[in-house]
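Across the two complexes that follow, subunit A remains constant while its partner is subunit B and subsequently subunit C.
And then the complex of A and B:
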């Protein structure tokens, strides 16, 4: 009798515990399995989704994108144009007990900039030359020139524990300072994290999080509907009506068409402007993206990015004006080659087809070329075979104009189809200008210049859409990070 | 003078023979109702492909983003302006279906013809010659089967660029091996038969033996294979085009419309269903006709058919006699 009673009580306790644990659990379905859990090695969205919760960076961002100190105690100070001094928070420990201090920061910086380490993230940090320890909680970073966006770069660099990262199993057993601690990685299945009870910051509410890797958008949707997942990424706009809750937030991705300003029919600025007037961006946003995209305001920047020029507005949809401009330029009936790809970005093929139809409607002959992704990349990165127009989706994780502009606006950038010296000089000047206000005004000029010259057909700024179950409260972030510490499970 | 008259008479005789042959063929087709329906369907499909500009109610490339994903006319929100609804860019599904038939039918027919002809010739050679010819051809086939098709497609794409011709070339290069293998094994079996040996002993040349005595006996398995391949090719073309290796917008094909409509299947079932039905009907029609052709081309089948006919006639005679 007694034994049975105890057993029953035991069962009861276990069940109660299970129920309690369930109430605090969150399952997140992401599109791809991390290739590694080393936070400094790859440029991998799956890895980031998990490690953003395990590791932390010196600078952080609010959900709205404002830069704030993270592991740094205060905003880093510039002591001379090429040296930044960073004070660190004290008393923080990595999950394995290693202390977080100047040594850890210096080690992390040197690790990621070491050419032998061959990090795929190096393009974010190529201005950083050296890191020096001043005292236990102070570090100095040297850059190769004035670097006004070092703080945005620091927001991307995860700090690793010096001792444990030498371990050969480091890529499978991550150890950080963040609000969640690694538990288990079942290859091909899931990754589990639990709450770090010694976390230095605000204590997170969700106690346990499981990541599942589901490639097919339809399967992710089905899992959410069945209650298997709490959050799914990259929900198609068409399915937002069906899910319990759809969160959408203006993201970092800008689909854009690069026009060749140096040759072909698009050499004439009037033709380039006509190609902008010809496209009904509102219809693309409202129709094709069902309202889950906003019209890009004539620049390759979101309003939350540094350098965004609020005075520049999108070219309005005006097919008559487009026809006039084409006529004036003598380009009626000219053949414009438009290159795109399929299946890489949300609705990439559809966008290219839609733009081509708009262009045809005002009197150019658009020759659409949808290439398989590798062949497409060959074209994109080769100025000679890029064609008159090429579609690309630009994503800017630093939330600063520098990255997009050096790649696409500046003559000689990997995706730039112009040789505008004036624009290139502006971008170079902004790069070494450390005064915030001055730098901003230089970018405003650059945005205006590129807009007037119509070097691109600016299309949209896409919203990130997440499907969320009814039991989880979360509002998403502009930097597209999925931070579990910002979630809440309803009782 | 007399010679000329003689030859013209012979000529008209030959024409009459042909006409008579055609007439009996039509009669046989009429008798096989399934085959007749299949033939009608094929004729209708061909007519649709040829007369596409006359039949299509809209320009297949004309988009209207604000009227996208409209359902077919018979459902609540449908309009008769777009009988089969509109797609994800607001284009008329029916018009795209009509225009899409051009690419799908042409690619399917061209690839089956090219790959089939080449594969069968290779198979005949390998099977009939044997020895070194056989091993060279068969090793070639093995190597090519092991070679990934997509890679081949990529190489060709890099050289000549994506177009309908590219698709036909790629699919033909990738599809002939199965004909080769099948023909060879069938030839090996037929080669041992008495009539082939007899033909050889009589002194027929190799090409006569191959084309007059062996090939006709392979008609029925090859027809069956060609039809299975046709259906596969229509879908393979879609896969290539979707990846950007095939036909380029605004041109379209049934398979491509299925591939692009797939993402919308929960929202707009008609995007995949309509071109899907078109593919099914085509394959069905080709199947019906091919099954009839197999019947009339296979001597054994004809014998069976004849026996069945005789049996029926006898039974009838017996019934009337009593």
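And then the complex of A and C:
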């Protein structure tokens, strides 16, 4: 007994020491390794997860998604319809000592929009034509037309140090202005950052962060359970009961079904409305996502997005009404082809099959066609013959209606199935309206119009789920960024 | 012997070329990296520009001729996903897969010989039956499940070993065991059955009658004659480990080797990287086959005539 007691005490001491030694360390398991640590080059989720902590942007967002000045001293001002003036914060230095100033901003903007640089992020910035230095802390940006989305775009553009970014090792040794600075990258294994002791903003609490790259969700879960990780991304809904803490927050992803408004049985607006009334969205959220999804309110936007119309609510689940509408449209027994894919998005196949069952129950014949992703994309992008109903999951990183609406709502968009000129005009107008209030009201009209015309069967807004260890406090963000400066390790 | 190996090498080169051509055709038939790599909402203009940038807008024959030139120079170009030379990635990942394979196959081989012999000494006895029983379990258990089971037991519950990664020696134990067990099961069965065959041969009885010690009869004479099928299986399992098991085991244990990279390249439709991986694995398979042929002649000199 005595020996056992000593052993226990010894173990306890070792554990206490270990806990003390990495009291403010956090390990985060993400799904994929960054392909580069150059923050302006690729469109790469792994790269973003790490660099969001090293680099900063002129505009930032609160955890709830509201745009606030970041490296900008105040909100940029529009001095003519195509020119924005940005005042910069003073006294900020990059991790290597280079000053943050107008030269750094001008350099960063010109670097990313340079066609020769060939950035994969260019679609976020293709309206920006030029950047000019006014004085050491003032910059003007020129756009090719009025660009109301510029502030959102600036929230995506990371500012790089002019000198160090010319270094050939820049993509492996990132240097930013952010709360964490780069220490080490063991390819295939991990990336380590430490707290920037000279950070200009609120001092972060976590002193050291390590990123691990674990593709397999079950392995991420095991690592969290074994105490190796503090935060794991994309926790599967069915695992949420097993982890110390599962935090969930309404994310950027919307599964939706595009209905063909120009042909087939779905040409009749009553049929399209019926296909909305027929689906029990609450049951889908509960049954397939264990409650970690919310019913989309009749629009391809999350509440945090610019343009969200709070007055529009989801079509309620009403199979009787759906049956009546189908009868009135003479579409009882009509065949509707529903196109989907499997294994690309969380629960993609399950959603398609559940919706098909709901549709069948009100009297249409749903022909489910699940394609391999490439073939599925052929159908989604086919502009000549549109499928009756195409399932897709849309994601929108800029938190602004423009991207989703241009792609799926607007006639001729890459995934749209309507030729509604009025809707297209609204979307075009919103794109160049620089008065925020007016622009918002245009989107509200567009949301309402698409809702009344039932151009889609709106389904859900999926929540991002993270597994979190008991020792870390963190509550997640609507923009899905994992900012270590917002974390706290419990004593 | 030299001419024989030369002939085998020639066969190998034909096989490698065949495989690379098939990969070229198949990836271009079923896949379109442009569609998969760009965000869904990318416009048609952006797609066209990207296709041009990748050089995938050119006629397939032009691409093929260039591709064959690349193969000859062992330069497949930059990975579409990682934007660095595909062969650089292969050379970075391959050693990890080879280490894992060596540990897995080595462990299986070393353990299978004594276990198989013990089982063969008394066919139908307790040790034989329990060996066969455990081997059958090892054969039937899916490897990814076995890996997860190990993680749950030894990492999550007992905290003895880490769940994933490559940081220390301890990190290789679980993936190594997961790699080894199904191989061990198959090897034990084959050692057992060939030993049973050999031990019933007359020369064994003669050996005993002459007074040669038991260990020498079993361990030297019988084992040497029984080792041909064992060697065949070891070679075959090594190939399967590099080209198959590694995909599962590396995924489960986040072991950043060639198998995990292959899966990632397929998911991202990275044709270039995939070609480089398949080519390298094909070369390895051919090399292992030639090594096996040489090993045969060492085990059984009569085969040298062939």
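Basically, the second predicted complex is superposed on the first by the 468 of 491 C-alpha atoms of A that agree within 3 Å, B and C clash if a C-alpha of one lies under 4 Å from a C-alpha of the other, contacts with A are read in each partner's own complex, and residues count from 1 in each chain.
Keep this in mind: a contact is a pair of C-beta atoms (placed from the backbone, for glycine too) under 8 Å apart; a residue touches a chain by one contact, two chains touch by 3 or more.
Values in this document were obtained by computation on a predicted structure and should not be read as measured data.
Identify the partner contact of A:387: answer first if only subunit B is touched, second if only subunit C is, both if each is, neither if none is.
neither
After lining up the shared chain so the two structures overlap, which partner does A:415 touch, if you call subunit B first and subunit C second: first, second, both or neither?
A:415: touches subunit C, not subunit B.
I'd like to know which partner A:374 touches here: subunit B for first, subunit C for second, both or neither.
both
Answer with first, second, both or neither: which of subunit B and subunit C does A:123 touch in the superposed model?
It touches subunit C, and subunit B stays clear.
In the overlay, answer first, second, both or neither for which of subunit B and subunit C A:403 touches.
second
Kindly classify A:32 by the partners it touches after superposition: subunit B alone (first), subunit C alone (second), both, or neither?
Touch status of A:32: second partner only.
Tell me which of subunit B and subunit C touches more residues of subunit A.
C
Counting only touches as set out at the top, which of subunit B and subunit C does A:188 meet: first, second, both, neither?
second
Using the superposition on chain A described above, determine whether A:286 touches subunit B (first), subunit C (second), both, or neither.
first
Shared contact residues on subunit A for subunit B and subunit C?
218, 372-374
Along subunit C, where are the residues that touch subunit A in the complex?
Within the complex, subunit C contacts subunit A at residues 30-32, 35-36, 39-44, 46, 53, 81-83, 92-93, 96, 148, 151-152, 155-156, 159, 162-167, 251-254, 256, 260, 263-264, 269.
Enumerate the contact residues on subunit A facing subunit C in the complex.
Checking each residue of subunit A against subunit C gives 32-33, 35-36, 41-43, 118, 123, 186-190, 212-216, 218-219, 222-223, 225-228, 372-374, 377-378, 380-381, 392, 394-395, 403-404, 406-408, 414-415.
Mind listing the subunit A positions that touch subunit B in their complex?
These residues of subunit A touch subunit B: 217-218, 236, 238-239, 242, 280, 283-284, 286-288, 340-343, 349-350, 352-354, 356-357, 360, 367-376.
Would you mind writing out the residues of subunit B in touch with subunit A in their complex?
The contact residues of subunit B facing subunit A are 61-63, 65-66, 68, 88-90, 154, 157-158, 161-162, 242-245, 248-250, 260, 263-264, 266-267.
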